[in-house]
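After this come two complexes, each holding chain A, first together with chain B and then together with chain C.
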Partner chain A sequence: MAKRVPRVGVGGPVGSGKTMLIEQVVPVLFSMGYRAGIISNDVVSKEDADRMRRNLATEKGMLAEDLVVGLATGGCPHTAVREDPSMNIAEVEEMESRHPELDLIIIESGGDNITTTFSPALADYFIYIVDVAGGDKYPRKRGLGIETCDLLVINKIDLAPHVGADLKVMERDAKAVRGNRPFAFVNCRTGEGVDKVARHIVRDVLFELPPKARAG
Partner chain B sequence: MSTEFLSMLQLADSFFPAGTYTMSNGLEALSKRKKVKADELQVLVRTHLERQVGPADCCTLGAAYESAKAGDIEGIIRADQALYAAKLVEEVRNASARSGANLVRCVAAFSNDALLAEYAKAVNEKRATGMHPVALGVACAALGIPKHEAGAMFLYSFCVGMAGAALRLGVIDHVAAQKMLHELGPAITAAVKENVDKPLDLMWQFAPAIDITQMEHEQLDSKMFIT
Partner chain C sequence: MAITLIICESVIGNIGKGLKGKYDEMLAKDAVERISISRAESERLRMRKSTDRGTDIALSMPAGTRLRHGDVVSLADRMIVVAIEPENVAVVRLKNGDARTAVLVGHAIGNLHRPIRVEGDRIILPVQSDGEVEMLRRQLGPLAGNVDITRDFVVFEPEAGAHEH
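Up next is the complex of A and B:
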């Protein structure tokens, strides 16, 4: 039986930059030869999926248009990725059967609160993203997402001085809460720090395997 | 108390992961078009029971259940394909197939029933679609749940789904939702009695206003539910 395509879950509060992170990291992975599909759980619209499709598929041609799928979740974003991920799993499996050439599938959760986590049946690797504009207290406040994710991403670092957030405090607290597990500072608007996120994915999800297209 | 009774509670529980919480069955589109009042909601759900999920889904569930009891996989697949063909609205058709496929795979993980496994295999190999009522009928037969109870579980869960969607859409509150579920009891039992023993070729549905609303949902730009 063929190995299943690795799945990366991206969760985080509303407006923290989940869609932007995916829009930034997919081109970095693409430049390394890796092909990704995207399933976007939007709470009330298809806007995120439509934007990613337009940006990454239609304009940049980095993936086929049917590789960006939007999914409505009845207003229950955390249920859709944890308690009952069945509709997401169905989408993932359909995408996988249509596109066995994929190196990974990224599943974006709908914007939710800090208790978001992904079912291990849905995602093999879980990225949780917060932004500095929520205050530098975020890592310290903990919450399942921040505590248990495989990679914590802290976005919008350019805003720190404007919102009175201290990145040093966030770094210290992230280390205190997460021990040795990684975190990354990024600015998804400029792409700063996104290569670090891509490197984590290549190392910890893809185990440094070459892209399928190159491996033949 | 029997383990079959507990299996019934398990499959009818909204905790059971079949993805039905993502469906409003057209209610989202209707509530965008007009303000739906609590009493209108109940009329709408009754119409579903009497003209759509009762005569179509519940009848098919009964036929699939009988086929499962007879060990007739071809009969199950025939019921599956008939209901798939009868569902006019693509969103609704696909949602039913997905949630049923989820259901049958999940039950296959804890039941050793050979026929259920065969149906799950047919769904995986795309020889069957996994329509929800068929999947539930086969699962109930496998777990020893009586047919009329299986029909009641399906229709009650449908009503819970409608109530849950209405609650999230702001149509009713939590107490009104429970009141509605209680008041729908006689309509649910009547729909089961009328439909679950019928042969597959007497399956029907006729609710054009509901079909149109469900089609309208397909065209919405902003939506919270998949149907």
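Up next is the complex of A and C:
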């Protein structure tokens, strides 16, 4: 049997930048030789998947078009990645069997609230993304996503001065809530900080092993 | 690349069962290292951790694995043992064998959608705060004479099949 492809879950509130983070991190991983597949959950549409397919597959040619799959989950977004992840697991397993050459599969949750988490049966690693415009009180207010994720990503740092958010406060609170587990400040519009997210994925999910294509 | 990384791909045994003798032997040689994981992580198949002595460990387990307290994931010159972190739990003790009380307690706890563990006359379930223990006390108030609710901080391993959602 082919080896199980590692799975990374990306969750966060509506508009926090889940799709943009994936659009930024996949090229960074690509430049290091790692090949990713993407499964994108949306409640109703498949807009996010279509956008990522156009950007990453059609225009940049970083992956085959069938490696960006959209899932319209219908109900609560967290149900599809936690309580009953069977629909997502089926997609992951199908992608894995069609593309054993993949180094990882990224699963994007539909936009949800602060209690999003991924079932360990679905994702090996959970990135939770919030944005500065939600207010600098965000990390302090906790919630399962912020508390339990493997990597907390705080996006849109360029907006901090415009929304009266203090990044120092967010940093202090993130550390207080999360202990020594990591967080990263990013700006997904410019790509600032995204290399740090990629490094965490390479270290903690891919174990710094060489990309499959290179390992031969 | 880290040269000292130990990749663990299966559970070799448990120090509470088959590997007890070996564990004592390795302990005497000061060759036991532990990785601490949370209960949530115990269901994960893939993660990178450091032992209490700083050894770099990559876990990549077969599908369907659930790590248990005391599982040995590597055994060579060192024994690497999994330790589940203790957590806050509520302990509901049924003070008599009354079936009506047992069913009502089971119903109330079931509605909380938590994993549980049953040990003798005690039902153990994870809680996040004192407030939750208070809420449980209020819910089970009418049964006060028949149940006893306390809080504890222990390694919690749920019953297999007692599905939470």
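FYI, the second predicted complex is superposed on the first by the 214 of 216 C-alpha atoms of A that agree within 3 Å, B and C clash if a C-alpha of one lies under 4 Å from a C-alpha of the other, contacts with A are read in each partner's own complex, and residues count from 1 in each chain.
Just so it is clear, contacts are C-beta pairs under 8 Å (C-beta built on N, C-alpha and C of every residue); 3 or more make two chains touch, one makes a residue touch a chain.
Because the structure is a prediction, the values reported are computed rather than measured.
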| item | value |
| --- | --- |
| Touched partner set for A:Glu83, first chain B, second chain C, both or neither | both |
| Touched partner set for A:Asn55, first chain B, second chain C, both or neither | neither |
| Which partner reaches more residues of chain A (counting touched residues only), chain B or chain C | B |
| Partner chain(s) touched by A:Arg203 [first = chain B, second = chain C, both, neither] | second |
| Chain B versus chain C as contact partner of A:Asp124, first or second or both or neither | second |
| Which superposed partner A:Thr148 touches (first chain B, second chain C, both, neither) | second |
| Touching partner for A:Pro6 - first (chain B), second (chain C), both, neither | second |
| Chain A residues contacted in one complex by chain B, in the other by chain C | 83-84 |
| Contact footprint of chain A on chain C as seen in their complex | 1-2, 5, 7, 40-41, 43-48, 58, 60, 63, 165 |
| For the chain B and chain A complex, residues of the former touching the latter | 15, 17-19, 21-24, 98-99, 101-102, 106, 164-165, 168, 221-226 |
| Chain C-touching residues of chain A, taken from the complex the two chains share | 4, 6, 83-84, 117, 120-121, 124-125, 148, 203-205, 207-209 |
| List of chain A residues in touch with chain B within their complex | 43-47, 71-76, 79-80, 83-87, 89-90 |
